[in-house]
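All chains are identified by letter, namely A, B, C and D, in their written order; residue positions are counted from 1 within each chain.
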Amino acid sequence: MYQFRNDYSVGCHPVVLEALSNANTEHVVGYGADKYCKDCADLIRELCKAPKADVQFMVGGTQTNLTAIAAFLRPWESVITPVSGHVNGHEAGAVEATGHKLLTVATSSSGKLSAALLKPILEECKDEHLTKPRLVYISDATETGSVYTKAELTELSLFCHRNGLFLFLDGARLGCALAAQANDLTLSDIAALTDSFYIGGTKNGAMFGEALVITEPKLQADFFRLKKQRGAVLAKGWLLGLQFQALFKDDLYFKIAKHAVEVAQYLQGGLKNLGIPMMTDSPTNQLFPIVPNTLLPQLDKLCTYEIWGKADEEHTVVRFVTSFATPLSAVEGFLKALKDIT
Amino acid sequence: MYQFRNDYSVGCHPVVLEALSNANTEHVVGYGADKYCKDCADLIRELCKAPKADVQFMVGGTQTNLTAIAAFLRPWESVITPVSGHVNGHEAGAVEATGHKLLTVATSSSGKLSAALLKPILEECKDEHLTKPRLVYISDATETGSVYTKAELTELSLFCHRNGLFLFLDGARLGCALAAQANDLTLSDIAALTDSFYIGGTKNGAMFGEALVITEPKLQADFFRLKKQRGAVLAKGWLLGLQFQALFKDDLYFKIAKHAVEVAQYLQGGLKNLGIPMMTDSPTNQLFPIVPNTLLPQLDKLCTYEIWGKADEEHTVVRFVTSFATPLSAVEGFLKALKDIT
Amino acid sequence: MYQFRNDYSVGCHPVVLEALSNANTEHVVGYGADKYCKDCADLIRELCKAPKADVQFMVGGTQTNLTAIAAFLRPWESVITPVSGHVNGHEAGAVEATGHKLLTVATSSSGKLSAALLKPILEECKDEHLTKPRLVYISDATETGSVYTKAELTELSLFCHRNGLFLFLDGARLGCALAAQANDLTLSDIAALTDSFYIGGTKNGAMFGEALVITEPKLQADFFRLKKQRGAVLAKGWLLGLQFQALFKDDLYFKIAKHAVEVAQYLQGGLKNLGIPMMTDSPTNQLFPIVPNTLLPQLDKLCTYEIWGKADEEHTVVRFVTSFATPLSAVEGFLKALKDIT
Amino acid sequence: MYQFRNDYSVGCHPVVLEALSNANTEHVVGYGADKYCKDCADLIRELCKAPKADVQFMVGGTQTNLTAIAAFLRPWESVITPVSGHVNGHEAGAVEATGHKLLTVATSSSGKLSAALLKPILEECKDEHLTKPRLVYISDATETGSVYTKAELTELSLFCHRNGLFLFLDGARLGCALAAQANDLTLSDIAALTDSFYIGGTKNGAMFGEALVITEPKLQADFFRLKKQRGAVLAKGWLLGLQFQALFKDDLYFKIAKHAVEVAQYLQGGLKNLGIPMMTDSPTNQLFPIVPNTLLPQLDKLCTYEIWGKADEEHTVVRFVTSFATPLSAVEGFLKALKDIT
């Protein structure tokens, strides 16, 4: 069985496991006040060239999104998000449960926002009987695997700051975004252009963990209390710091992402060669092939994957995802096996 | 340095680490829909003799408390808790952040509730200008290490059910409670006498994790959606199931607790022999010695511990906690060293 | 100056003012536990042929919507609303502030929902990573003045009940809906087909006040406590009961609405005769003429009205609203004056 | 039947009714953007000598408390209140429903806070696992009729500002507080010493309405949007402005309070002469006589009042309240009738 279900279906990269094992018997102070977290926060500040950034480790993506947004906004302020944004589509109303409205924006299939898409919402919300848009939520890579260029992110950032909007970037798959061939952004660009973003660990080699970076000083106050309040403080907080330390040593984080993207792109090329079209041409580790419905039963036997949606009456969009746990040989094997049945 | 700071200052029991390592490269379906979680939930239902119970794994204690309470209550309903309850004292307003009032009850130093303590609150809250008390929060062991007897829990349970109150038991330290000499409760008693409770993993051998058991069918509906909404669904959910499986194999969970309680009691006896009184006579793994303020500097060099509070102008209550990671030899060594300086 | 700004720009109908004046020196028990509220609730139950309905008086529409929705839903449950629904467009995130997501549905310009429009949302939300749709919000008349037919409301009601959805009807302008020529619904039809709805007073002759009717017994529990919690209990609650009593005496409520609709329809006919098209052909007391931008300065001198939106680069949709305080003579005078300038 | 149930059991002062009647047919712009509200806000700013204060009119006290607190605090911040504070005791968890914890302080029977009572809470809450106290809630008069002296309020104000706490004063009965013989505060003192407070209308001659004054500029931003979100914007907002205008004309507001206090004090003196002790010696319009339980049936026939609580097995504390609608002759008549039966 070839494994393309997602990038969070195995435990963690062996180097991370080793780090967890090595530190397992050590007595460490709790709640993230430990040396692993402190050193790792310093390391991240350095990587981001953001010496005054606050770095907060949390366990998962939805938790990070909801905690950050709850911390950053006043009750009457709202979030602008693409319709396809994870906060809108797959978090069971987590943001609304913190009291904030999502203002959704229809986008192209890339799922990317731009100044032009934001303007009409700002115009409409001048009316004081509406919420005040205050935070723009984007993700890189997006839900459909697209990445922002430096020019795009710069335009968005300028627009946000001119209009009193915080720019928040969900980086659950930031590793793969940075590893994409289309990418011209660096971690420090992202730190400079956003007010806050997070570096996803769960989908890029960690057993679990996301590192939230808050560059805007106004958003840093009292974050720990809010994090505690949302149940997002891990008692054994050092488990997060030490995982990210392991990931950033020798560029492992970036190597993991590079591998995932390379095998994904190899797979995408192979699928196209077999005449299978894509819903969108993804430059990262998520692929969206459009397959005939009649192929699905055979695909079920061959590999794991997810149904993304209906393309038309006779075709289905499926999602294939790669990770550090996807050897190139598996992609080759899969393509060969697929060729035999198509 | 002797380590008595708390029971969550090392990673996890070696058997749990081994289980995590062994499963690390396996591809598993996410969000707790995996075989580890399913099998472990079955196992817990069996241990609890509660075949219809819902079992929900979460990462930490505050997260479990807030998610359960948010799921169980209607907006106008409130929680009765001892003043010393963890939800009142150390969760940064997590329950209130879900919209619910805490009605606090002053208790003896044991931190235990009883029907007699609940009655006046119910009487007062008949007034419809107040919230409706709907859930009674207790913990076993309590914050000061006390345990409920079967008679006490039965009385409380009957009172709750006669008065339309759900009884929720925070079991962050349930292992040690069950291992206390004073204890006559079993897991199945607790399942039968409460509407929901959780089996704490973080403080009893797991790397992280709490297993929430919901016996009352009315409280089970749609729990997953609420859990997702609060950021409490772990993407790699199987990590929780497999840890609890490892803990319940060969009674490891109970053995860990037994050890922690035994070394704590040995330590308590030794401290008393040295003429050090206790704030309360704890039967579990948390001890509350009252030490002269003048001793604190020396204690700081000898061991880790926490300041619990002021006893009087010249004395301080400190907290010592043991765990599976506290060898008997360490307790012996500490007592000897302490004897030398007192 | 002719007055078409809205239907809540004068105090109240003289009969209501008289009732308020007459009762002004009477000592009455507070918080709605008085005889006026009780008798009026009985009267409304009778009018609705809903002997077991709960009737709750509140001050305003947004307050009623948010209080009802907060009372009716569990935290993970969401509201389906037309994009144009008042809860989505003009309540500053009031529903989200109670923790609930709005699932918006694009509709025709009528702003009406139907089973066909609801189905895809239910299908999508089977995914447990999303909220559970639980309440369908509609209004009659809608924000664009449309009304539901009995067939339409019956279809919607059946669909909701077959699919575990509560049907809630915002009746801020229910009087005018029932008075529309296109209408074939009665108050008792609405009570039978919805789970809860409210009878708007503020826009139909009351000084202030909305009467929420809850027919579904499951939604009635403890409503007063929730209402108190949201600041929606009026200390001098009888002021609400006595106004609605005055409104329902001798069918005043219906007469007021009938007048408002008649003068509106006369106005609509007159505007059309002047060659002014409508954005939508409204059967109630709100009209949406499309006027050349060049006409606006003159209109500003002639009457009050609101800008609804842009029709095209050269035309604007404006909103004219009538009420009991709009004499037919004013409509005639306005049409004549308008004719002179067009 | 003599009427001492409360100060909100009749409609409104005749002058207010006249103002409402006179303006009834006028067409006015909605939502508080009208001339009445603007002029009245100016007037209040002048009375308070607070030219930069924001003035916001709302309908009722619980609504004002919850809206102000929701607007002023970040999610992790909490409210310090006397145990007897209205927000803690009689608002059905309204503050917690906005997500904020109440930190309750035991006080003397006066219900007043002081720096000495606040210090220990601030000390305890330095712990980041707790909420951050941020707002101190007091009321003047308190729930038991006490008033703050200028020295007391100044001390509290200084303490709050030195410690980063906002001071909020619930003035539901501010009129009577200012009219008390023991009082040495003025409206402008209160404006200077607090960050926000409200001037209660409902209990002092208005049909309904409270005027919130926000002197601290940091707390003023976007208040309207939050008010709208909580359902606290009255469509016919001018009804609030015009009532307060009527109340502040010719010092009516202060005259009403003076009368209420005078008749209450006359009543208190008379009760004492009859040998009836008081729970607390109230200087305002609420009295708390301690009566033998055996007297209650007769009292029930003689007058309206409320049961406040149990004094001992044989005595009950009752509450008598006076208002502009309590003629001196009624107090005299009541005292005479009471003398006959005691």
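Annotations for the structure displayed:
Operating definition for what follows: a residue touches a chain if its C-beta (ideal position, glycine included) is under 8 Å from a C-beta of that chain, and two chains touch if they have at least 3 such contacts.
Computed from a predicted model, the values in this text were never measured in an experiment.
Chain pairs A-C and A-B differ in how many C-beta pairs they share in contact, with the greater number at A-B. The most distant chain from subunit A is D, comparing centres defined as mean Cα coordinates. Chain geometry summary: the mean Cα position of subunit A and that of subunit B are 34 Å apart. Subunit B and subunit C have centres, each the mean of its CA atoms, that are 50 Å apart. Once the centre of each chain is set as its mean CA position, subunit A and subunit C turn out to be 42 Å apart. Contact with two or more other chains is made by residues 75-76, 91-93, 97-99, 128-131, 225-226, 228-229 of subunit A. Interface residues of subunit B, counted against subunit A in their complex, comprise 3, 5-6, 8-12, 14, 17, 20-21, 23-30, 59-67, 91-94, 97, 202-203, 207-208, 225-226, 228-236, 239, 304, 325.
Listed in rising order, the residues of subunit B touching subunit C in the complex are 31, 70-71, 74-76, 98-99, 128-132, 222, 224-226, 228-229. Residues 75-76, 78, 89-93, 96-102, 104, 127-131 of subunit A touch subunit C in their complex.
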